[in-house]
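Look at the two complexes coming up: chain A is in both, with chain B in one and chain C in the other.
Right, the complex of A and B next:
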């Protein structure tokens, strides 16, 4: 299993448990998020605490997940390490995504 | 560690890419890179190998991808070679121009989900070039070492 999902205050916290969010598991992330949305939850927090490495396929899967939540949904990311953050910075995706340093901080903002 | 050469070969199977990535990061962490971080070198090589597997070999396993490292006191050079379909000129031609990330100031639905790999690669490398020689495609990446800027 590369992902674990927990519902907290109506928010699906999707934790990537694999150390690498790359071309091998990117399709699985898209599928996991699609299933959550099909299940009626459109508020999603992606927890990247365990992810040590991400490539452009992983970034594509995150963007796809963001798009799936749509304009009415919420999609935030938390717990990025330095290497993962660099990819968001280089692609300017750090300007588009709401990024929080911890799950608690992200949940606090989403529930405010 | 003044000079050295290391060669790795993997099958064109995405599950093999992680091993090359980890080996590259380990090697890069022993060198004094001028600007890049070991994780950036790993990112560049993973993107290059992914490109060989996905585009040169159309994601078909059973083909060869070679990764050759060479470093001296000035720089680390990494050559990624495959024997598949040549890189389209529209992509190979981008290596001589500035980095242009896909447009992010668009509606959510129009946000690109692909097309980031080669631009990310260019962003983290000091030099990138592509060469087709007979049946061999080679993408060469170069990273300056700290001694150059000292």
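Right, the complex of A and C next:
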């Protein structure tokens, strides 16, 4: 499995366990998030700690997952490495998402 | 039916005849061979697919015969049964030698019948599998032929290299899989302007390529594309470039299949002054190589990709080209190209190379960068589309 999901304080923390978030697993991410939302949890935190590389398909999957939740603040990202952050900066997607350095910090903000 | 024919091989005539009688009784039409050599000839001639061979044969041994049969490439699978011997060791040895089954010399008719049934079933399955493989091979060949034609169509859509009004040009184009989601073009617009763009549709392969064809068509000058309209309706070049990309975004957002989107650089050169205005929509930063100083500068600080966010807004960046200055546009497939050690080509290496080759004529740069990235990649098969456009401002009409 490329993902692990854990519900914490009503928030689904989706950890990408694969090192590359690319075209090979992008469709699975969208499906995993869709299932979580169908299951009744609409607030999601995407943990990218293990992700060393993200390509355009990976980014596309993150954005469409975000679109599924509907609004800013309900889909946050944490633990981005430098390479992934560069993609978010280049595409200005860092302006679209709330991004936190750790899951703890993200959860704190989401629960506040 | 050929699958109900069998060949019994053995130097011991008595055993051979006894077994072939049993086979006849079980409804098989049976041939016999007294040696491995003779058997190989018969199999070649008749294409028989069921062979029963005496484990202890004089002359060419049973296992050698089996090995020779297995090493020759047959159109159909040959099911191979050893008979004779008695101990478990010979059964194991027989299977190791490449046989499918092993029976004792004095096998009861009932047992033989069951073994033959299973042989027939496996031969039929193998035949079906072979037929399916043939079909897949045929389908693959026909898809490949189509893709090669599509690749040619895409190549024909690419602009010509070299001299245009006020600018010299060159490019590199390496699709990952025949056709690319990368696309670029440049063309003069009227006497005063020169339009250029490069785009990269998310993913690669056929679906991305079709999208890139569609976008290319929108921008095509001969179809009164949206960039022509933008230039006509906007006094400021910056408004012309941003409204072009805005229009593309409005047109493609929600229309592209699922999460498909594209990144692009779209720009216009004012030919008389060398002033460039461009929009960087999520695409890697263009590089401006200044002839006089030899410096290579990345332009822009990014921007949202096109077709992803409905209310995305785009801004423009300016730079001024002096005679001999170059502008490099390239896709992420270039800087994210990995060598055998998994190391990216990277933007720093690219910047260095651009500076290093600043005095070489632009005519040579397409081939040089093509060779450079292919060498880095280690083969002609790329994981992602690679494209690069090089513009050199000459200032001369």
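Rule of thumb we're sticking to: the second predicted complex is superposed on the first by the 109 of 112 C-alpha atoms of A that agree within 3 Å, B and C clash if a C-alpha of one lies under 4 Å from a C-alpha of the other, contacts with A are read in each partner's own complex, and residues count from 1 in each chain.
Keep in mind that, in the parts below, a contact is a pair of C-beta atoms (placed from the backbone, for glycine too) under 8 Å apart; a residue touches a chain by one contact, two chains touch by 3 or more.
Bear in mind the structure is a predicted one, so any value in this text is a computation, not a measurement.
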Which of chain B and chain C A:49 touches, first, second, both or neither:
neither
Examine A:24 and indicate which partner it touches, taking first as chain B and second as chain C; both and neither are also allowed.
first
Between chain B (first) and chain C (second), which, if any, makes contact with A:108: first, second, both or neither?
neither
Among the partners chain B and chain C, which is in contact with a greater number of residues of chain A?
B
I'd like to know which partner A:90 touches here: chain B for first, chain C for second, both or neither.
both
Where on chain A do chain B and chain C both make contact?
23, 55-57, 59-61, 63-64, 90-93, 96
Could you list, by residue number, the parts of chain C that touch chain A in their complex?
200, 202-203, 258-261, 263, 282, 284-285, 301-305, 308-309, 332, 336, 384
Parts of chain B lying in touch with chain A, wherever the complex brings them together
14-15, 17-18, 21, 37, 39-40, 42-43, 46-47, 50, 54, 101-102, 104, 108-109, 111-114, 116-117, 119-120, 123-124
Chain A - residues contacting chain B, complex:
20, 22-24, 53, 55-57, 59-61, 63-64, 66-67, 70-71, 82-83, 86-87, 90-93, 95-96
Please name which positions on chain A make contact with chain C in the complex.
23, 26, 30, 55-57, 59-61, 63-64, 89-93, 96
